[in-house]
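Input: a single structure, listed below in structure tokens.
A, B, C and D are the chain letters, set down in written order, and residue numbers restart from 1 in every chain.
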Amino acid sequence: MTNAVSLHGVRKDFGKLTALSDVTLEIEDNEFFTLLGPSGCGKTTLLRMIAGFENTTAGTIHLFGDEIEHLPPNKRPVNTVFQNYALFPHMNVVENIGFSLRMLGWTAAKIQARVDEMVEMVQLGAFVHRKPSQISGGQQQRVALARAMAPRPKVLLLDEPLSALDLKLRQEMRAELKRLQRETGITFIFVTHDQEEALSMSDRIAVISDGKLQQIGTPFEIYEHPNNRFIANFIGETNMLTATVNAVDGLHVACHLAGGERLNALANCQNLVGANGVISLRPERLSVSKTAPTGDILKGVLGERVYLGTDTQFIVKLSGELKLKVRMQNSIFQGAEFKTGDPVFVTIADDAARFLVD
Amino acid sequence: MISKAFIGAAALALVANTAAAEGKLSVYHWFEYIPAELVEKFSKEYDVKVTIDTFDSNESMLASLKAGTMGSYDVAVPGDYMVEIMAGEGLLDTIAKGELANMANIEDQWLNVSFDPGRKHSIPYQWGSTSFSVNRDAYSGNINTTDILFNPPEQLKGKINVLDSQGEVMAMAALHLGIPQCSADREQLKSLDALLQSAKENWASFGSDIAKDVLVSGDAAVGMIWNGFSAKARAEGANIEYSYPDQGYVVWMDNVVLLRDAPNRANALNFMDFLLEPENIAAVTNYARYADGIKGTTEFLDAELATMPENNPRAGAGAGVFVAVCDQTTQEVYDQIWTRLRS
Amino acid sequence: MAAGTGSGSTVSAIFSPVRLWLLLPSWIVIGFFLLLPVLLMLTYSFLTKEFRGGVIWEFSLSAYDQFLFDRGLFGDEPPVIKWTYINIFIRSILQATGATILCLLIGFPTAYFIATRPMQSRTMWLFLITIPYWVNLLIRTVSMKFLIRDTGPLNELFLNIGLIDAPLHVINTNFAVQLGLFYSYLPFMVLPIYASVERYNFAFSEVASDLYASKITILWSIILPVVKPGIIAGSILVFVPSLGAFLAPDLLGGAKTFMIGSLIEDQFKGNAGNWPFGAAASMILLSLVLVVLMFYARAQERDQT
Amino acid sequence: MNRTFDITHYRGFFGVTCLCLVILYGPLIIVMVYSFNDSLSITNWGGVSLRWYVDIFTGLESAKFKAAAWNSFTIAIMAAIVSTIIATAASIGMIRGGNFKGKFVSFALISLPIMVPEIVTAVATLIFFSTIGFKLGTLSILVAHIVFCIPFAYLPISARLQGIDASYEEAAQDLFANRWMTFRYVLMPIMWPGILAGFLLAFIISLDDFIITNFIKGAGIETLPTAIFGSVKQGIKPNIMALSTLLLLFSIALVTLSYFIGKRGEVTQKLQQ
């Protein structure tokens, strides 16, 4: 089976600036694929290159095995949902959705049928004759989706489509997008800087930073096994502790921290004894207790605590200047007995420590 | 779609306008110098569409023709000296013997004129005089002197309009000084220049086209003006008197000339013949209030014209003189004086 | 200026490949029918005048010489600086300056007043100010001429209500020309100043007031410096067209003394018929305007940095 | 309005604004009023009458005015159409063409007709036409008008285009529209208020022009301004006031129209943001 989109060694320069360098990735058919990264990382540029709005400086882009580099956007069987939707202000909902079909020269009857189908799919029945300026942001979003999906693209590109919506609507639309993707079987390439969005919707995620591909993987892999310090930091919250390797067993390493505490961790690559790096510890994979449990533990003094509704967050001061963030679910843990200044033990869940070398 | 049709029509109209003129006549004429009814009459009689552009001085007409409108007009109406200049510049076409049926209608004295010997290019249109008129409400003193223009009494200073016409102003100034026109004498030229410079201080405005209006509206108390135009101003209610000064005045004759490269030469000749008909030229005379040079017009003329003070120089007035054409050297000094006056 | 959310980009890849073809018509039309003619005019200013109009294709500096030097009535005296034409230019500059000041005096308070109206009524006020501009300039000038004649309605009104004893003589004076120019170009002054004042943050005024500045001080030392770009822009927009104006001097000034516009016109349409001189005077006017515009561009650049 | 202390308010500015309006409208209103004067003289009031309006259409000069009006309107419409098309293309080239070498020069060239004083344009054009032997006529007027109308059409069109996000064009292209379709079905409709404003401005500017037209008009060809100028040179006559009033009303109708079109465009633009 050919992949929906294959990028090979793709590079993009804007004058002297390099926006993307050496991006190689395969996006499978029917996949909900997300490009995740901070703003300015080059993810939108990558999307625009697939759409055809930017050409590549180097490298190749294949769509279902066909080289598409030479095709202008209007000849590529991909469609885009724009960040600001770019709904044509002078056309009503029906005209917007049917635009591509008109451009493709469909008959009026066929256009009508397809538009009806799309209106049905995104549940816009009541608004079909309104102009974009007369409907709400969420409805505009649906029109944009319907418009982009009307010509049955092989790949749908979504450029931060949810960023203009408020939180509630955004969460609703996530489910909606996921549903549409499942029902239509279209490959979605979704660009976002919101890690929560990425984690909740994607089949796979590619994290991009500074124009470079950092890691590709399922949400679980990306979150639990970040490849490097950037990803660990960017996705979710984490504690970063500087560490040195004492012993190596495959990818498992035994390290000591700056304050002398010893920890076992899983490394992102083969290491030698004496290598320096950081250990990433997710706060929710840690727990505090007054009595020493078994397994990997760290000793410290309880600092401030913050009540977060579902969780409580503690700051634990380790030796030296080191501080650890620990988050525990309130439903299974009553932290009433913990007071600032109490000496505590921090337990680390299995495989929770990642040793990362830059 | 309506707009498309309109553009089409507009485009067509433009093309039609620039297309070769059949049944057309293009006249370059003095302003307010031909009655519209007469043009209408010609138009009907010969089935010719007449367009008239106007100018306000002989010199500006010459400038405009040389600036690219030559070849667009069929006939023009220059004054005497300008006929001579235009002929010299090669701007005029020659009327062959027999091309004008009514040539014989021209009064004998205007048949062989110095500015167009043998009437090879022109026919008479109107003749008259150039002097000045004074508002009698503003000044009741003696107006039979060119001092009114060049050395005005206190109450008239700053209330004088002067024709924007180089030839006539320079000729009047020469008359005032009692020197010959186109004098090559340096001292005389210098005094001419000095006179005009000093007189300018007392003048309010230059303008030919406004000459009548400023007198009627009272904006000016003295106006250098043509006799017939002055008569019209008087008829429109201005209490003015036209002067025939002791020092003399300018006499002129305007003539219809056939222009070189006339796009409608045949119609031009028809037009000239038309204007040689006593009845037709008399209509012009009645309108413009001057005199024509055509035999047999008397019966068609307003009786009043003959007795009008503007048309009858008082006894004792100086002689009327034509504007002279200077040689290039003197003309260049004249131009220099004029430029200094006008700027 | 670039509005819009999202990418905010106004560069579209779709039209940039054909931008040459899109720009070419305007380049050709303006280049061929204006730039080339201006260059030709420059050439003409160095040609020899033909007796009684027209030119001879022979290089000559006489047009500029005639502009600058007086060689006497007969052209044989040693050259001295001639003020005739320089004075025309100075007079025109003064007239244009007068008109600009008049526009500024009336235009600034008006623009300020409009900019401090509530949002909805501002457009209405601006609309009121701009309507007359859409009326034919000739008609406006003629109206002004009609109004200020010695025996015109204005004088009649003033005489009737006993404000004056004798008619005010305005027509055919320098003031009449300035009034005409002012009337022609006033909206050009109001609009840029309005745009500046509208952007002015009145919190500055409040701060200054809080710091014991009087209203006049605020106007003079806070508002004026902030809205200066608008004032400069407005002044340029009034000054430049006033400089080469033809209708107002001709119809309101009595055409007794030339302004630049009428001087040039006279070389082609009027009595003078001196094309090289007309071309030279046009070139000098054009250079003057370009200098003013360059000064403006500089000032703008300085304001931006 | 009851203001105890308003820092934005300056006493007298309202008065100056009123004075400004009086100066702007006074002469026009006077001319309007006097156009109904039933008197041969412009100085005396002879009662209200429409005779001068009748005179424009049936009087001695009616043929001249009719021809001049026809010339003025045909020239203005054609000049406005052509210059609007050229200016629209140039706007897209300038605003959507990205950064390119000579962009400033290109902008300077497009705005040249505004920067060069009208009288200089007139002189240069006259010299040019006379040198290349271009016959002065309606066509010469039209060409000159197209040239100086371009920047006036360009200004509102490019201002409008600058406010339009390029993503509309990208969306259109993404939805299989080619370059022409993108312009025809997406960009042009969104730009329309700007194009219309540019067209109207060009139309009015062409209709308004006197100096250039006067220099290069051919034999027997008058536009309304040159015809009116020719008439008023000899003094203002009542029929000119009537004609002026008609033109004035026409201009006001046109500018009101453009005002409302502009407002509509503004509203839709605002709603999108």
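Here, contacts are C-beta pairs under 8 Å (C-beta built on N, C-alpha and C of every residue); 3 or more make two chains touch, one makes a residue touch a chain.
All of these numbers come straight from a predicted model, not from anything done at the bench.
The central chain of the assembly on a C-alpha centroid basis is D.
Relative to subunit D, the most remote chain by averaged C-alpha coordinates is A.
Put simply, the C-alpha centre of subunit B and that of subunit D have 37 angstrom between them.
Put simply, the C-alpha centre of subunit C and that of subunit D have 17 angstrom between them. The centroid of the Cα atoms in subunit A and the matching centroid in subunit B are 91 Å apart. The residues of subunit D that reach two or more other chains are 42-43, 126, 165, 167, 170, 173, 269, listed in rising order. Of all residues in subunit A, those touching 2 or more other chains are 53, 72-73, 82-84, 86, listed in ascending order.
With touch defined as above, residues shared between interfaces to two or more other chains in subunit C number as follows: 4-7, 13-14, 151, 268-269, 275. Those residues of subunit B that touch subunit D in the shared complex are 6-7, 10-11, 13-14, 17-18, 26-28, 31-32, 36, 51-54, 56, 67-69, 71-73, 207, 209-210, 212-214, 216-217, 237.
On the side of subunit D, the complex with subunit A involves touching residues 165, 167-168, 170-178, 181, 185-186, 189-190, 192, 268-269, 271-272.
Those residues of subunit D whose C-beta lies close enough to touch subunit B in the complex are 41-43, 60-61, 67, 70, 73-74, 77-78, 81, 126, 129-130, 135-139, 142, 216, 218-222, 230, 233-235. Residue ranges of subunit D in contact with subunit C, taken from their complex: 7-10, 12-14, 16-17, 19-21, 23-28, 30-31, 34, 42-43, 85-87, 89-90, 92-100, 106, 109-110, 112-113, 115-121, 123-128, 131, 143-144, 146-148, 150, 154, 159, 161-167, 169-170, 173, 179, 182, 204, 207-208, 210-211, 214-215, 224-225, 228-229, 232, 236, 240-241, 244, 247-248, 251-252, 254-255, 259, 263, 269, 273.
The part of subunit C that touches subunit D in the complex is made up of residues 1-16, 18-23, 25-27, 29-31, 33-38, 40-41, 44, 106-107, 109-110, 112-114, 116, 123, 125, 127-132, 134-140, 142-147, 151-153, 182-183, 186, 190, 202, 205-206, 209, 215, 218-219, 240-241, 243-244, 246-247, 251, 260-261, 264-265, 268-269, 275, 278-279, 282, 285-286, 289-290, 293.
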